[in-house]
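Order as written gives the chain letters A, B and C; numbering starts at 1 within each chain.
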Amino acid sequence: MHAKKLSPLLAVVMGLALAVTLFPVFWIVMTAIKPPTDWNASPAIWIPSEPTHINFLTLFDPEAIGAYGVGGVSQSATKAVWGSVRASIIATALSVSIGLLSAIGITRYGNGSKIAPLVILSGRMFPPAAIAVPFVIIFSNVGLTDSYVGLIAIYAAATLPFSTWMLKSFVEDLPREVEEAAMIDGRSRLMAHLTVTIPLIRGGIFATTLFIFILNWSEFMFSLVLSYTNISTIPVQLARYVTATAGTLYGVQAALAVLAMVPLMLMGYLIQSHLARGMTFGAIKQ
Amino acid sequence: MSKPKLELVALRKDYADGSVPAVDGIDLAVQPGETLALLGPSGCGKSTTLNMIVGLESPTSGDIQIDGRSILGVPAGKRNVGMVFQDYAVFTSMTVRKNLAFGLEIRKMPKAEIDRAVHEVAELLGMADRLDARARDLGGSELQRVAIGRTLATRPALLLLDEPLSNLEYAARLAMRRELRRLQQEIGLTIIYVTHDQIEALSLADRIAVMRAGKILQVEQTTTIYDTPDHVFVASFLGSPPMNLLRGNLEAHGQGMLFRIGQFRLQLPPPRPGMAMPRGVTLGVRPESLQVVPAEAAPLVGQVLLAEPRGPEVVLTVESAAVQLKAIAPSHGRPEEGSLVGLAVDPASLVFFSNDTSHRMELC
Amino acid sequence: MAENTMQAMPPVRPPRGLSRDAVVRLLTLPGVIVSLVVLVLPLLVALYMSFTDWSPRSSSFFEAGFVGFDNYSELTVYDTRFLYAVLRTLCIAAVCLSLEFAIGLGLAVLFLREFRGKSLLFSAFLSPMMILPVVVGYTFWMLFQSNGPINQMVELCFGPGSSPEWFRSAPLAVLAVIITEVWHWTPLFFLILLSGLNAVPENPVRAAVILGASPRQVFWRVVMPMLKPVIVVAFVIRTMEIIKLFDEVYMLTRGGPGSATETISLYIYKLAFNDFQLAYGAAAAFLVLLGCLLLIHLLLSPVRDQLLKGGR
C-alpha cells in the first residue's frame, strides 16, 4: 500500500475533527502559561502575550503568585502531587502483581468458566459513590480513613479486574506447551510460571502496568470521599482550587491539570496499541 | 471453432514499487464449457490474473474479453464472472439461504424467483436440508459448497475457482473434487481453476496452463502436457515424483548419439533428419518410463539408494555413475535398498530440452 | 518392573515441587482475598445498610434500626429527584452513545484507507481518552465560560449578543455535559471500531463486491454484521462507564443549575456525603446495580453466543 493524499472533502473533515480533538488540550496548556491578567480576560485571550511559568511555581510555592498582586492561594499542591505519585505507584504494583498471579491461575488452571467475566463486569457497574459509602464506615472503624493505606487498598482492588483480565489475554496468547516443556525439563510448576511465563509476557506486563497506572492516577471519587486533611491527590486538589477560591485561580489550576495530564498522555501513546485490549477487559486484541 | 469465452490479450500488471511485474504479458483463450487449470507455484501471478479477470484489480496494459467484448470498463460485480475463494469467504453471520440468495437480492430479483433459484442451487449441491443452518455452524466442505452455490445462483458466464480445495482435509478434498467434476458435467460451465496442486489440475482440467514468474510457459491438453512438457519448469512441476531431468553433453557415437554426464552414459538413437546435434542438452524421463530389469545386459545399471513404498508401487532412487534417478516399480518383488538393478528405457518416451532456452526440442 | 513403567512414560511424571492444587491456590488466593475483603465485603455491608435507617449523625452503625424495604419503596415511589436522575442519566447515555458511535464509526472508516501521516493522526485522535476525567471536566468548564472561547466562536457565527450562559440554563448545561462526554470518549469507539474493522476478513468483502454489491451494500450487509460483537462490547463498556458518570459533571456543573445535570452517581454522592443519608444512598445504588445488570443482559443477549464462542 502506498500513502496517498486524501480527497479535499475528506481532508477538510479530518482537519475539522483534528481541530476539535486538540483544541481543549491547546486551551488548557495555553491557560497554564498565562499571567494572571490573561486568565479570565474578556474577550478570552487565546495565546498569552507574555508566557510565564509562574503558575507552575505557585503550585509548589503558594506565595509566588504574589508577584502579580494575586493573593489567597490556600494550599500548596506538593502534598497532592506526592500523594498521587505514591498511591498510584504502590496501588499499581499491587494490582499488577496480584492480577498477574490470578491471570496465570485462571488461564492455566481455570475451569474455563465463561461467566466470570460477566460477574466482574457487573462489579465494575456498581456506582463508586455507593461502594465508597461502606468503605467510609469500615475504614472509620479500623482507623484507615484519611490514610494512604486505605486509599491504596481501594485503588488496587478497584483496578484488579482490569489488570487480571488484561494480563489474562496476554497469557492466553502464549502457548501452554512452552511451560509444559520447562516442567518436563524438571522445573517445578511454580518455577515454570515464574521463569518462563512471566519473562515471555513482559511486554504485556509493561503495557498493563502503564494502563493500570493511568486508571489509578485518574481516579477521583474515592480520594474525594476518603481524604480530609492527611492525604490528597491531584484530582482532589484540582477540585479544591475551584471550591477554595471561587474559581479565580484559573492559571494555577490549569498548571496542575497540565502537570497531571502530560505524563499520562505520554504513557497512553506508549501503549496505544494495547488500549483497546485494556478498556475491553482483553475482549478485543489488536 | 466457436468464439472463445474468455480471452486475455497481452495482459500485464505492474506494481507501483517498480519491481518485477506480477503478470508479465499473458495471452490466453478459454473455450466455452472448458475447464482450464492455472497451475504454478505461489507468487507466480495466478491470483493476480484471477483478480484482474473478476475486476478486483485493473491491468497495467492489455485486454480482457468475454464473448469477444472487452470488459475492462465494466466494474467488478457487473462482469457476470463468479469467483470462489480458498477460505470460502462465506458470510458467516447469515444463514445458508441468505448466502445463496445474496447475489440475487443485490440484483433486485423478485422474491419468488430468488426462492426458486436458491432451491435449485441447494438441490444441486445437496444442501436442501441445510438451508436454515447458520453459516458459522458449518464444516469446511459445507462452507465451500455454500460459496460455490452462492456464485452459481447468479448464473455466471465464467466461474473462477481460487484454490478451492486447499483448506479442506484430505478426505473432504477428494469428495469435493468428485463433486466439482459432477457439477462441471451437469452445468457445462466455463471454469478457470487456480491451483498449485498438480494432481487436482490433472484430474479436473481439460487444459492446463503452467505459470511461472508472471508468464504462461505452456498451455496444453491435460493428456499431452504430462507427456510432452514444453519447458524444463513444466516438466519439473508436473508429476509426482517429477520427471528426471539430466543436464549433460551429447557426442556422436556409432549410429546414434551418446548422452553423458561424467561417467554416466546412455546410448541414444540418431537425431531426426534435419536436426543438428547440439553439444549440450537436458534429458527428461518420467520415473514410470524407467523399467527395472535385471542388472545383466541393461543399458543402465545402478544401486538402489532408497525405496519409498506408495501402496501398489514403490519409488526407487537409483544411483548410476553418480547420477540419481527416480523410477517407479511394482510393489511386489521390489528390489532391496542397496542392491544393484538395471534400468531400461524406451527412447520414444524421452524428451529433450535445450540447455540455452530451457524449451523442448524434437531431437530424436 | 516399577522402573520400566517409569521409563516407558516419562512425560506423565508430575513436575517437581508443589502439587498442582497448592500452585493453583498460591496463584489465585491473593486475588480472591483482595476481591472478598475490598469488594464483596463492602458490598455486603452496603446491602445490609440499605435495609436500615442508619445515618452517621443518628446512631452507631451497629445499632441502626432495620426498616425492611422502606428505603427502596421511598426511592421508587416518592423520590422524584432520584427518578429524574436515573432518567437523565439514561438520556445522556443514549445521546452520548449514539453520537460517540456515529462519529467514531465515521472516523474509523476514514482510517481504513491509506494516507500520509496516518499513524500520527491516529495518535492525535486518541488523545482525549488518555486525559484524566477531572482535567477534562475542568478544561470544558473553562471553555464553556460566558467569556470563554466557545462563546467567542458562537458570537462569530451568530452575531454579537447571541452567546448563551451555558451553566445557567438547564438544557444548555445538559448539552455542555454531553459535548464534554462525547469529546472525551468518542476516541474509545473510534479505537474499538477501527480494530474491529481491521480484523474483518478481506475475502467476504471481495466476494460481495464480485456478487455485485455496491460499497454501501458491502458495508451494511457484510461488514456491519461481522462487526456486531465488537460494537456490542463497545456499547456495554461505555454504558457501564456513563452510568457511573461523575468526575466530569462534578467539575463542570456540580449537578446544577438546581439539579438539572444531576446524574445517578452525583445524586448518590450528594445523598451520602452532603446529606449523610448513607443507608438511603446504598439502597439507591443497589437499585441502579439491578437496573444495570438487566440492561447489560439485554445488550449482550443477541451476541452472547458469538462472544463466548468467538476467539478463545
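In the analysis below, a residue touches a chain if its C-beta (ideal position, glycine included) is under 8 Å from a C-beta of that chain, and two chains touch if they have at least 3 such contacts.
This structure is a prediction, so every number in the text was calculated from the model and none was measured.
Enquirer: Identify the chains adjacent to both chain B and chain C in the sense defined at the top.
Expert: Intersection of chain B and chain C contact lists gives nothing.
Enquirer: Using only alpha carbons, which chain's centroid is the nearest to the whole structure's centroid?
Expert: Central chain: C.
Enquirer: Please indicate which chain is farthest from chain C, where distance is taken between mean Cα coordinates of the chains.
Expert: Result for the farthest chain: B.
Enquirer: For chain B and chain C, what's the span in angstrom between their mean Cα positions?
Expert: Spacing between the chain centres: roughly 56 Å.
Enquirer: Once you find the CA centre of chain A and the CA centre of chain C, what distance in Å lies between them?
Expert: 16
Enquirer: Measuring centre to centre with CA averages, how many angstrom lie between chain A and chain B?
Expert: Centre separation, chain A to chain B: 59 Å.
Enquirer: Would you mind listing the residues of chain A that make contact with two or more other chains?
Expert: Each of 2 in chain A touches at least two other chains.
Enquirer: Check each residue of chain B and list the ones that touch at least two other chains.
Expert: Counting only residues that touch two or more other chains, chain B contributes none.
Enquirer: Report the residues of chain B in contact with chain C in the complex, numbered from low to high.
Expert: The contact residues of chain B facing chain C are 54-56, 76-78, 81-83, 85, 87-94, 102-103, 106-107, 147, 150-151, 154.
Enquirer: With touch defined as at the start, can you tell me which chain C residues reach chain B in the complex?
Expert: Residues in contact with chain B: 201, 203-204, 206-213, 217, 221-222, 225-226, 228.
Enquirer: For chain A, which residues are in contact with chain C within the complex?
Expert: 1-6, 10, 13-14, 17-18, 20-25, 27-28, 31, 40-44, 46, 98-99, 101-102, 104-106, 109, 114, 118, 121-138, 141, 153-154, 156-157, 160, 164, 172, 183-184, 186-193, 214, 217-218, 220-221, 225, 234-235, 238-239, 242, 250, 253-254, 257, 260-261, 264-265, 267-269, 272, 275-276, 279-281, 283-286
Enquirer: If we count contacts the way the header does, which residues on chain C are in touch with chain A in the complex?
Expert: Interface residues on chain C, with respect to chain A: 10-11, 15-18, 20, 23-24, 26-28, 30-32, 34-35, 37-39, 41-43, 45-46, 49, 61, 103, 107, 110, 113-116, 118, 121-136, 138-140, 142-143, 145, 147-149, 152, 183, 187-188, 191-192, 195-196, 230, 233-234, 236-237, 240, 243-244, 246-247, 250-251, 264-266, 268-269, 272-273, 278, 281-282, 284-286, 288-289, 292-293, 296, 300, 307-308, 311-312.
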